[in-house]
Amino acid sequence: MSDPSSAYLQIRSVTKAFGGPAVVEDFDLGVDKGEFVSLLGPSGCGKTTLLRMVSGLEFPDSGAILLEGKDITAVPTHKRPVNTVFQRVTLFPHLNVRENVEFGLRLRHVPKAEASGLVRDALELVQLPDFGERAVRTLSGGQAQRVALARALVNRPKVLLLDEPLSALDLQIRRELQVQLKEIHRELQGTFVYVTHDQEEALSMSDRVVVMDKGCIIQACAPEELYRAPGSMFVASFVGTGNVWPGTLVEHDDRVSVVSVDGVLMRGARSADAGPGDKVAIVLRSEAVRLLRGGVEAVPDGLCSLRGTVGTVLFVGPVINYKIDVGGRRLTASRPSSEDQSGLREGDDVVVAWRPEDAPIVRDTAACLQTSGAPDHTEKGTT
Amino acid sequence: MRRRHHFPWLLIFTILVFVFLFAPIILVVLFSFNKTASLTFPFHGFTLRWYRTVLASPTFMSAIWASVRVGLVTVALTVTIGTLAALAVTRYSFPGRRALRTFLLLPAALPGLFMGMALLSLFSVAQVRLSLWTVTAGHLVYVLPYFFLVATTRLDRFDFLLEEAARDLGAGPWTTLRRVTLPIIGPSLIAGALVAFSLSWDEVMITYFTIGNQNTLPLVIYSTVKQSIDPSVNAVSTLLLLGSLIFLVGARRFVADLQQ
Amino acid sequence: MTAASTAAALGGNRSARRRRRLTIVLLLAPALVIVGGALLIPTLNLLVQSFAHSLGYGQIGYQFTLSNYTSAVTDPLYRSLALRSFGLGAVTGVACLVLAYPVAFYVSFRLTRGRNLALYLVVLSLFASYLVRLYAWYTVLGTRGMINGALMSLGIVDQPISILLFNRFSLFIAFVNIFLPFSILMLTSTMQNIPREVIDSAHDLGAGPVRAFTRVVLPLTMTGLIGAFAYTFILTSGDYITPALLGGASANTALANTITDQFQNQGNPPAGAAISFVMLVVFFVVYYVVGQLERFKGI
């Protein structure tokens, strides 16, 4: 875990406003060399603005950005050793693929022979080895973004910035490129900062995910931790497919916390920071709950359970989603479609069961992390 | 489906209108090759003598040369000034941007008579001698809005993220303009330049007011016609026409880039 | 968080903003100088002159007077001239519409493969020099021109008729010939903006071809009609060259010629300036009305 004051790339208390409320507020982040960090958040949370400040296309109102200890806050874009892959295709249409990729090299007067070698290597890296003489308009979306990646990487930037580069592509291409990106990162051991609103993308590629909202950090940690131990209701709702039910913490022991949701008592994992009487939410991941046929199957020991009726059944492909009516609330549970689905038709009685340690309990906040590293909690109403 | 067996009124009407539009010009071109000085049928035979007369006439030749010079200078200035201004109003957003765009299109809305007179009046008050330079100034303000319109239309469609990408890769502002922006919008600028030249080449009203002792090609046609019936005017007119059409046909190649 | 880093940020921000403002100003300056210097200032100068006294022979006495404007508006000669010019402009506008509309309709709705060629021909005729076309009509209508030649050789008349040229008829023909392409282009542009689906739905709802036209196409092309008329009207009323060439040698052929006459022959710039501003006011009123009508009829 990097300490912002000594990391490779430091973003220190950066604030930026465009003539209204701040888009990025007192933002602190340190990125280690060779790390793949994702900035994850809803539209308008300031992640793109932050990225642009690192690349130099915007300047912060206050704060600083340091690279390898040097202050680059006021350095103009074209002088920064940082390159960006943009969301839209920004390949130059009047140049072919090779000329696009060597653009940065030519600007620095890299000798022709050396440049063409570097270009060849870059195109091989993105698996487009024979595309050098192709015209830009003949490329598909995925190919174009790969060329854009090559064009950025060929300059050996100290930090590579990626602003939702895959969001305009079809799902399959997106998945393939996500894997390719991760492999490229591993091979180059570069420092990547990736902006996205797609949580699956962030979780699958990053070493560390920084969840943002309204210009500040909500939680920053490794993907698994983000998924299994979300720090707040915001993160729990934003990441993963879960049922996030607000309630009040009633009591707890060292392993389990008991939450009252609409009067119903439910057991979840021991909350790290909430106490009795606090407003919390219990998170039941749709794949973590088990469905048992009502009146037929018994609930195993130690599991918490609720009775309900099957509402709608949705076949999604690899899984089947069940919308279960549980005492006035709707719970989404999913099951691999390869399993036996008998007894789970619409209208059937079911029992929903889960192990308490699989159900995190989070505080009902959407507050920002302070520089001190400890989350700052302000009670808010249920969202 | 019903088959229509209507008499093709609209088609015939359209053809007649087109004939009406083109006939006079075709006649002028035709008669520039007429053996006699007559302006009516029958056609007496093919000759190039009027063209030889024109080429030998110092009046006509100096007028043609003047038109060329004025046109080239006007276009050079228009393209430079117009492109810079078009970049300013499309790349940046600032208060009064839209008003400014309208303002720069204003000269196209005013009658040539008014502009010519206003300029002449100013030149006389400021005691500026009338010459081909004053004509160029008049042409410049007349032609600029048209070029500006072409340039802004193209730049409205230009993704300025491309410029940011160039800067990201290490290009300073001037390099970005030279290596990225201008090459991409180039064809439209060329189309605009050709239109600008064509407008200047044909311009007679403002020229009439702002010229000194010289003549431009349209002006020499005008004054010759007012004074006498000179058959070589047919030939000169055809040359004038040729010039305009060359630019139009040339512009067509580049207009495709404008009309995505 | 040190003050030094914040200062760096603020510095970068401020200099970036300053640079941006400077760039915008530099980019715009030449164009503004041209339009301002070659249009605004001369106009202002003319405006000032229109309120000044004429001392004869082009001399101007700069004392404020409204006499130029009052005579421009009340003098019966100017009034009849204005009526003639604007009247001719209006008639030309209508004639252009009458001729252009069917052509535009045919090209937009009936022609498919030939459409681009037809439009290209129209644009071509636009570019084919204004002056050459005037000269062409001059020769066609003149005493030794085409029509007279044909009439005489067919034996219809013994002597060439001179009424064809140097009157309002010749101006009318020439104006229509010159401004017809504009009208055609403006109308085709409006018509092509009507989505095919709108007309199809009209047919779908039971409208025959005539009703589809009067109820759907005509109203939707109204803005094009008004714009084409206004454009033709303004350019025709204020034209100088055509009346000078085809309208006869007098200074009283058209408004534009009177204005020029005041400047050049009568040595009375203030009078000329006043008349031209009155003419300008009429034009702006027309522009304004057209603009309002467009908004009113806006789709």
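Chains: A, B and C, in written order; residue numbering restarts at 1 for each.
As a working rule, a residue touches a chain if its C-beta (ideal position, glycine included) is under 8 Å from a C-beta of that chain, and two chains touch if they have at least 3 such contacts.
Please read all numbers here as calculations on a predicted model, not as lab measurements.
Per-pair counts of C-beta contacts peak for the chains B-C.
The chain with its Cα centre farthest from the Cα centre of chain C is A. Chain A and chain C have centres, each the mean of its CA atoms, that are 60 Å apart. Centroids built from CA atoms put chain C at 16 Å from chain B.
Per-chain CA centroids place chain A at a distance of 57 Å from chain B.
Multi-chain contact residues of chain B (touching two or more other chains) are absent. Shared interface positions of chain A, defined as residues touching 2 or more other chains, are 76. Listing the residues of chain C that touch chain A in their complex gives 1-2, 5-6, 8-13, 15-16. By the touch rule above, chain A contacts chain C in their complex via residues 12-14, 59-64, 66, 71, 73-76.
By the touch criterion given at the top, residues 159, 161-162, 164-172, 175, 180, 183-184 of chain B touch chain A in their complex. Within the complex formed with chain B, the residues of chain A that make contact are 55-57, 76-79, 82-84, 86, 88, 90, 92-94, 103-104, 107-108, 151-152, 155. Residue ranges of chain C in contact with chain B, taken from their complex: 20, 23-24, 26-28, 30-32, 34-35, 38-39, 41-43, 45-46, 49, 58, 99-100, 102-103, 105-107, 110, 118, 120-125, 127-133, 135-140, 142, 144-146, 148-150, 153, 177, 180-181, 234-235, 238-241, 244-245, 256, 259-260, 263, 269, 272-273, 276, 279-280, 283, 287.
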